[in-house]
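Lettered A, B, C and D in written order, each chain numbered from 1.
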Amino acid sequence: MDKPQDKKWRTKLHEIIYEADTPAGKLFDVVLLIVILASILLVMLESVKSIDSKYHSILNISEWIITILFSIEYIARIITVRKPFKYIFSFYGIIDLLSTIPKYISLFFGGIHALAALRALRLLRIFRILKLARYLGASLRLLSALRSSRAKISVFLFTVVIIAIILGTIMYLVEGEENGFTNIPKSVYWCIVTLTTVGFGDIAPQTPLGQFIASLVMILGYGIIAVPTGIVSAEYTSQSKKDKKEEDKVKPPLHLNTQVCENCSTENHRDDAEFCYHCGHKLNDE
Amino acid sequence: MDKPQDKKWRTKLHEIIYEADTPAGKLFDVVLLIVILASILLVMLESVKSIDSKYHSILNISEWIITILFSIEYIARIITVRKPFKYIFSFYGIIDLLSTIPKYISLFFGGIHALAALRALRLLRIFRILKLARYLGASLRLLSALRSSRAKISVFLFTVVIIAIILGTIMYLVEGEENGFTNIPKSVYWCIVTLTTVGFGDIAPQTPLGQFIASLVMILGYGIIAVPTGIVSAEYTSQSKKDKKEEDKVKPPLHLNTQVCENCSTENHRDDAEFCYHCGHKLNDE
Amino acid sequence: MDKPQDKKWRTKLHEIIYEADTPAGKLFDVVLLIVILASILLVMLESVKSIDSKYHSILNISEWIITILFSIEYIARIITVRKPFKYIFSFYGIIDLLSTIPKYISLFFGGIHALAALRALRLLRIFRILKLARYLGASLRLLSALRSSRAKISVFLFTVVIIAIILGTIMYLVEGEENGFTNIPKSVYWCIVTLTTVGFGDIAPQTPLGQFIASLVMILGYGIIAVPTGIVSAEYTSQSKKDKKEEDKVKPPLHLNTQVCENCSTENHRDDAEFCYHCGHKLNDE
Amino acid sequence: MDKPQDKKWRTKLHEIIYEADTPAGKLFDVVLLIVILASILLVMLESVKSIDSKYHSILNISEWIITILFSIEYIARIITVRKPFKYIFSFYGIIDLLSTIPKYISLFFGGIHALAALRALRLLRIFRILKLARYLGASLRLLSALRSSRAKISVFLFTVVIIAIILGTIMYLVEGEENGFTNIPKSVYWCIVTLTTVGFGDIAPQTPLGQFIASLVMILGYGIIAVPTGIVSAEYTSQSKKDKKEEDKVKPPLHLNTQVCENCSTENHRDDAEFCYHCGHKLNDE
């Protein structure tokens, strides 16, 4: 279907956009990172009334520039990938679309308030660029420590929620509506605010009994804050040891790069891979 | 007393209700879990004035449905267990009864406010279903880490309370009634709020000296929050090591199941057990 | 000077009051603990206006009973000890006196407000009784973990204070008097409130720049809360290991008892000691 | 250029001012520390309106005394160092100048408010004196633990900021301007206040949905507070082990002193060094 020359061009663009192993690919990621951060700053500034009324036209133009840049990038991503529909309906494909369209929609329907939210989703795009970070041993170990203690943290959070519901109901009965504990959900909310040691103070117990129970809740919260910390700490320590043991082994560590298969978008190929380990497609190894 | 056929039926029901090793038993637990969570949601929604006034009849009917379901379950539990009185006066037996009766009582005495509290106790029933969780190594280890550091956490909490009382009295003298520290118990309450880093702000020191002492209290609190965390963390680390050592031993770990003795309600029998290890009653091992 | 019979009686009383190895000595400590806790409760209740006005006479009588009990104990302590002046001017001797006299002073000068503070010092007496706790390995290890990380925690707290002063001054300049940051000490106070994640909310930044700096302060506080926890945790872990190694050694641990030398009040003698290791006085070993 | 006798005098003064190995050098540092702390206290007291109006002249005189002392020290530092310009434009050289000039400027321009900030920078001078602290093994290990976990803490803080921005935007949409979430930056600020468990309470969610999301934010914050603690704790533990291993090695540790090269201001020379390891200048070893 495509001429070989054309394919060559598409392959090169694919490498720049989707990968970060070549200088051009790295530059693309850095530029994209800056544009995303600028777009987030823009969304924030626009929400500030005093700034928006003063610099409305500048903000509007900047938003259009970013929207056009994102549009070009979006189209380039669709063109260069082998299976465009797979990309379009992937997680990042949808995020990319949602990051781009709000301004176009506002053309037809005016500035709908909730569109700001869609634009904030642009932040999620950062994680794609930060795939680089995955190759830092540090964050990898951190993630695996979190993952392996996920089950325990869930059990812990579940217990916290149960405690909050029971104590919240008790506080609702003790303090009553006249002291701000107007209903059980609000009491449970207060209980979570207190257990997590946030303590807004918008609702606070007024009766002596309520304050006594609140004291118990706080000391309890103080005591159980130790649990997730202890878990992650221990898990992380054991992870470090495991890592060190593995490092001691003679086998050289397998290095994975950021190359993305043109055909199936699978990532993390070995440096010496010539074919995609997932679909068998020939990887372009210039 | 019972015909053998009838006994067979009762035995089967006992297995479904009290145990979680068969598909039917697991299904029963999952359904019960959903009903309990629904009942808690109902208690919460009912306490919200605006929702209650709008959907009063729906909430009322839902509450009746849940009450009837709980009644059926309660009766089934009494019928299938060998020693009904032992069940009725057990911790979970009482919780089950208290979860069921509030709606019946309200028939005779009208909607007494405090009955909502009784219904919130239904949450405690969750722990029975979650006996499954006990078989997850993770939570087991977490529990044993907490248990073995219980003594130290008690010493720690005791020290916190003493510090709170002494500093609370000092703050009462320094700030006085005109700044919200109306009496010593309230001052101690403030001190606990501050030491645990909750900080509601409903009471806050106003005098320079009071703010200086408050600063010391906060830095102290910041310093001693490290203690329980350090304890649990160290304890948990040593637990992990012990576990690993035990895993390294050749003996296969003893697997306990959720079977409950029909006669004495003892739980956690070995998979190969044929008789209850507590009362010697024959276990039904289909 | 004393008749042998009389000395026998004094020696016995000394053992009951100062030590906790005999049943009578333990009973004395438990009773004293209850009286101290009751006296603290009394001080607290007296400060609550509504309770004091209602039950003034009951509280007054109870206070007199406790004062008389403390007086008897104080005199008994002076009589039974060999060197009364050493006891009187020791830390606990002064605490004991201050715990006893407020009520007598109030006879002559009326109910002076600040005397309540003196009475709160009674709480410190608890630590004497809790010398028992010292023999629990748990708290010993906890204390030694804290002691060995004392230097590091000091360095850490010093850094926190410097950060608080610099950031407090900046916030004073940024927010100014109109937003509650009326002077630098108050700004530093706010900074400590924020760094320690207490967050009363009585003073809160209002300007965008102030809120931005506050965000940095909070994230900084979030980051450095990890430091003392990490220190204690690591120290405690290494303590545990050291302890285990020492336990593994064959030598039986030296057991120290709560016996107190009649002559020089030195504590912690070996179980097989016949003479005080400090002054050489013969210990009474019934 | 200089006579040998004069050089001798300058060398001696250099040793006193810049180093802390001789008694005179230590005394100089202690006096300087006291003067700096006094100057900071002065800056603080001056900002308190009521104190300033009462004791204005005393504060003014004290400030002049400190300014003159700092001026003398600043000149002495310039004279004794070989390359004065290198010192003047070094970090501490600028801090020293900024600590000295505010009072002189106020002579010409009157008491400018913002000059107080410059004076607060004097605190930074403490770190120079505390170079002594660097020689405490404890703080060294603490610093190296922090340094080696710097990368991970950055990744962590970055994640916290992203979470805060996304959740802040959601809260802005949910709560809206009428509940205090007037714009996205303010919402993000609230989110950081909540995630870090500070919880001022100046802005608090009012709608049920907002409170539900806030609960999630708080529990999330509660969960992730464990991460930096776990990191530092694990890092610190492994640091301790490494240190112990190094201590076990036979080689005596290399002792570095506080001597500063007269020529290039390089610090931390070996005790047996005769020439600066950086510029080769002869060190004066009396």
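One rule holds in what follows: contacts are C-beta pairs under 8 Å (C-beta built on N, C-alpha and C of every residue); 3 or more make two chains touch, one makes a residue touch a chain.
Source: prediction; values computed, not measured.
**Q** Would you kindly state whether over half or under half of the residue numbers at the subunit A/subunit D interface are used by both copies, giving same or different?
**A** different
**Q** Between B-D and A-B, which chain pair is linked by the larger number of C-beta contacts?
**A** By the number of C-beta pairs in contact, the winner is A-B.
**Q** Any idea what the CA-fit rotation angle from subunit C to subunit D is, to the nearest 5 degrees?
**A** 90
**Q** Whole-Å distance, subunit A centre to subunit B centre, using C-alpha means?
**A** Their C-alpha centroids are separated by 33 Å.
**Q** Take the average of all CA coordinates in subunit B, do the same for subunit D, and state the distance between these two points in whole angstrom.
**A** Using C-alpha averages as centres, the distance is 47 Å.
**Q** Identify all positions of subunit D at which a residue touches two or more other chains, and write them in rising order.
**A** In subunit D, the residues touching two or more other chains are 48, 185, 188, 197-201, 208, 225, 229-231, 233-234, 237.
**Q** What residues of subunit A sit close enough to touch subunit C in their complex?
**A** So the residues of subunit A touching subunit C come out as 48, 197-201, 208, 229-230, 233.
**Q** Which positions of subunit B touch subunit C when the two form their complex?
**A** 151-152, 155-156, 162, 165-166, 169-170, 172-173, 182-185, 188, 194, 197-201, 204, 208, 211-212, 214-215, 218-219, 221-223, 225-227, 229-231, 233-234, 237-238
**Q** Under the touch definition given earlier, write down the residues of subunit A that touch subunit D in their complex.
**A** Touch list, subunit A to subunit D: 40, 43-44, 47-49, 113-114, 116-117, 120-121, 123-124, 126, 133, 136, 138-139, 142, 145-146, 153, 157, 160-161, 185-186, 188-189, 192-193, 195-202, 225, 228-229, 231-237, 240.
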